[in-house]
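Same chain, two partners: subunit A is paired with subunit B first, then with subunit C.
Up next, the complex of A and B:
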């Protein structure tokens, strides 16, 4: 699993320039990052890593780092 | 990690703040931001408001989810979602989802649905386990009408084939009619199920829209009610079927036969938006399919008037097909406050 791939997914879906998203980025940093964008990010992560998230999984995510940890937990 | 936002049901004392939120973040001049009477009509239930709120640490509203209960007396009721908005740039990227989850977890219900969802949000609803679809739009055109101001009709209009054993009686005694309706066993099982009180409030006591009710009889046997509303643009008038209160398996036949009311009327057409209708029966019968048509135009917006076809999407937690209409949820309502609204 590559962290840079996850960051690229965020940048693509949020439609922001390269370098805008880091592991510390939260939804309050980017206008376009709302529930809809989150679901699109989740769908892209599921497809990229062959995993499946549940609604409960995303209740506490706040930062990009949280998503990385979520992917890692599902890959185990 | 605990959330820095609190989610709870609204109290009546939250009304002013919710109305301000709608004006600031949903749509300036929206009727729900400036018409207290209409706001109460739509969202007040006893001493509560049918809203779930998200608040920040200063108790400022940062998200709202409106809903309506079709039969609050029952645990097995159907709930329809309405206005849903969370402000941007919050530190919780799934707060909008949490509002719906809170409602699902904290109010007893049989099904939850929404008619009129934004196409962009379909993915969110699917992720939450909702089924999604589109209401199908049909219209029947008056063969005696020479000039069409509202619609663009097909080049060749159908001549209606109606069964004489059907009768549609215009009625103002809606309460009496509903007493008959709720005794029909198939109506009790209907999904979604609207209680008598909900129907009376929604269609008879509406503060701005005037609905026209027709009792439906087949061979003198009472089948239910058609709820309709007249719309007007320039010199043109049309009749819209807003709801059909009957057993689901009779609804397509009722709609097909209802065109008999067009004869000798001043209406250009009758139209209906609904899900789970018998498309074969209606298109082989008296109706044209408007959805996805390049040749027929039946507007949905009348204030301001927009001469174009509009898709209405829906979502539902129910795996079984349900019969939704334009009258479900908050779809058939004015968007801007006016002194007297007869059209929208």
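Up next, the complex of A and C:
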């Protein structure tokens, strides 16, 4: 698991240029990042890393960093 | 990049790269516009996004109307204005077990639950058909994942098993009755994937999706295939490699006796099963061809193997030589007289697959079947390239037609001139107004014919039905029989009368009867009918496309005068008062 892969996934799905997404980015920073995009991101992360997030965890994530930590917690 | 959209799909790439894929696909030339209303009992956002990709890849440019989830009945029954103004060509109803209100009530028997649900659906279908005269596509139902009755849910008369089974049967029967209704077999798709993968409960809780993302990909693909079929873009011909595709081993090295085929070995059994599957495709009307790097006689001898289900005669075209496969594929398409976009190419060699993809782009389908015979059949089947929404008896006979064409060609070579040949064919045609029994064949011809087609006007089955009863229409079909074969219903002409004029808005003929002068007979019958109805002027239009060059001079050849161009069409006219309708000496017109 690499942080850069996760950032790439965000960039692909939100359809933004490289460098737009950082660990600090939240949904309010990018117009296209609505609730449906979040669902899409979660599905892509789950498929990519072969994991399944807990519903309550998904509801508390805000920043890209939060997603990274969530993936890391599952990969342990 | 686009191969991620080929079955069995790269779901993660699709999820990530949707936006890039769309930007890439939308650049394609001559995409066909199509309006689709997606009415969901549950969330449809992702279904629309993925369906759009599959349709773009197939050559369509869809625009969508989508209602809020759960509003699927209301927007139809209470005439939602946006939907009315949208005027969809196709409506897709996205339903699921979650949308069946009474599914888990224990005080109603299953049969009644199914009837209540069916009744609701019937009203929606009818209303859609009246309002829009469009095709309707609807899901049937997968089994619910949880069953409080456990295994007993199977036998319980109020249980979900019986409710879903009955409902699915009823829907299938309705689809048989209603020509405009087409069912997506979610029940099969979910069984194939397994319910645990098909559903994603947390996605349901968070976003009201009735399916997992992976399932959405498979479902959207199937919807796109149905739409392909409705618009006549399904594949027609399977082009097969031989060595390590239809049998194990290189026949040039090991000879007919040495190839692996038949029940004696497990690998041989797999090739045999693949033969049987291909034979089934042939029996339902898919044309077969061989494209192999081999000596012709050696290749042919493989089909004399005692365990070979497929025989040399099963192939409408047989190319075994050392030319590049792309050249042979061009020749196969020419010989059978179908478009390259009707072909599916099967080869175990990834290099050959790649060359064919590069040469033909997305025209020729090249499933990623790999090089292990164990998976050939499943991958070809899953790719669902020959989807149909109805099987006409013409489909079942198609291979025979092409075989008879070969006989005719051999016969032709024995004649001094073409006229003599035409006379010797002893052709008879039946030309008559459209009849109900031919409806499915008529609509199939309208939606599939590309070459001999003056206007390439497409019509749904319902539109044909409507045109049949309208008094201001003249519509004739032609069936053709010759000494070799009954060619079936092969040509259509349709005109709309306005005052003392009639405009031919559709005129087409199947490629299997090109150059038989049937077009003369059909036009003469049409002109005679126009004369009988006191029509003075007959107007024809030629709308040029990439594929219909063959008829670019037809109106001139038939004695029409070119009167000008209008919106990309060439307009031709004939003055019936000054025109005496000739007789075609080559074809006898009678009731067959």
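Operating definition for what follows: the second predicted complex is superposed on the first by the 76 of 76 C-alpha atoms of A that agree within 3 Å, B and C clash if a C-alpha of one lies under 4 Å from a C-alpha of the other, contacts with A are read in each partner's own complex, and residues count from 1 in each chain.
One rule holds for everything that comes next: contacts are C-beta pairs under 8 Å (C-beta built on N, C-alpha and C of every residue); 3 or more make two chains touch, one makes a residue touch a chain.
Here the structure is a predicted model, which means the values were calculated and not measured.
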{"item": "Combined model on subunit A: subunit C and subunit B, fit or clash", "value": "clash"}
{"item": "Contacts of A:13 with subunit B and subunit C, given as first, second, both or neither", "value": "second"}
{"item": "Subunit B versus subunit C, judged by how many residues of subunit A each one touches", "value": "B"}
{"item": "Subunit B versus subunit C as contact partner of A:36, first or second or both or neither", "value": "both"}
{"item": "Touched partner set for A:62, first subunit B, second subunit C, both or neither", "value": "first"}
{"item": "Subunit B versus subunit C as contact partner of A:27, first or second or both or neither", "value": "first"}
{"item": "Stretch of subunit C penetrating subunit B in the combined three-chain arrangement, among 168-176, 258-266, 366-374 or 438-446", "value": "168-176"}
{"item": "Overlap of the subunit B and subunit C footprints on subunit A, listed as residue numbers", "value": "35-36, 39-40, 43, 55, 58-59"}
{"item": "Subunit A - residues contacting subunit C, complex", "value": "8-9, 12-13, 15, 35-36, 39-40, 43-44, 47-48, 52-53, 55, 58-59"}
{"item": "Complex contacts: residues of subunit B adjacent to subunit A", "value": "1, 3, 86, 88-98, 101, 120-121, 123-124, 127-129"}
{"item": "In the complex, subunit A residues that touch subunit B", "value": "26-40, 42-43, 55, 58-62"}
{"item": "Subunit C to subunit A touching residues, read off their complex", "value": "11-12, 15-20, 45-46, 202-203, 205-207, 209, 212-214"}
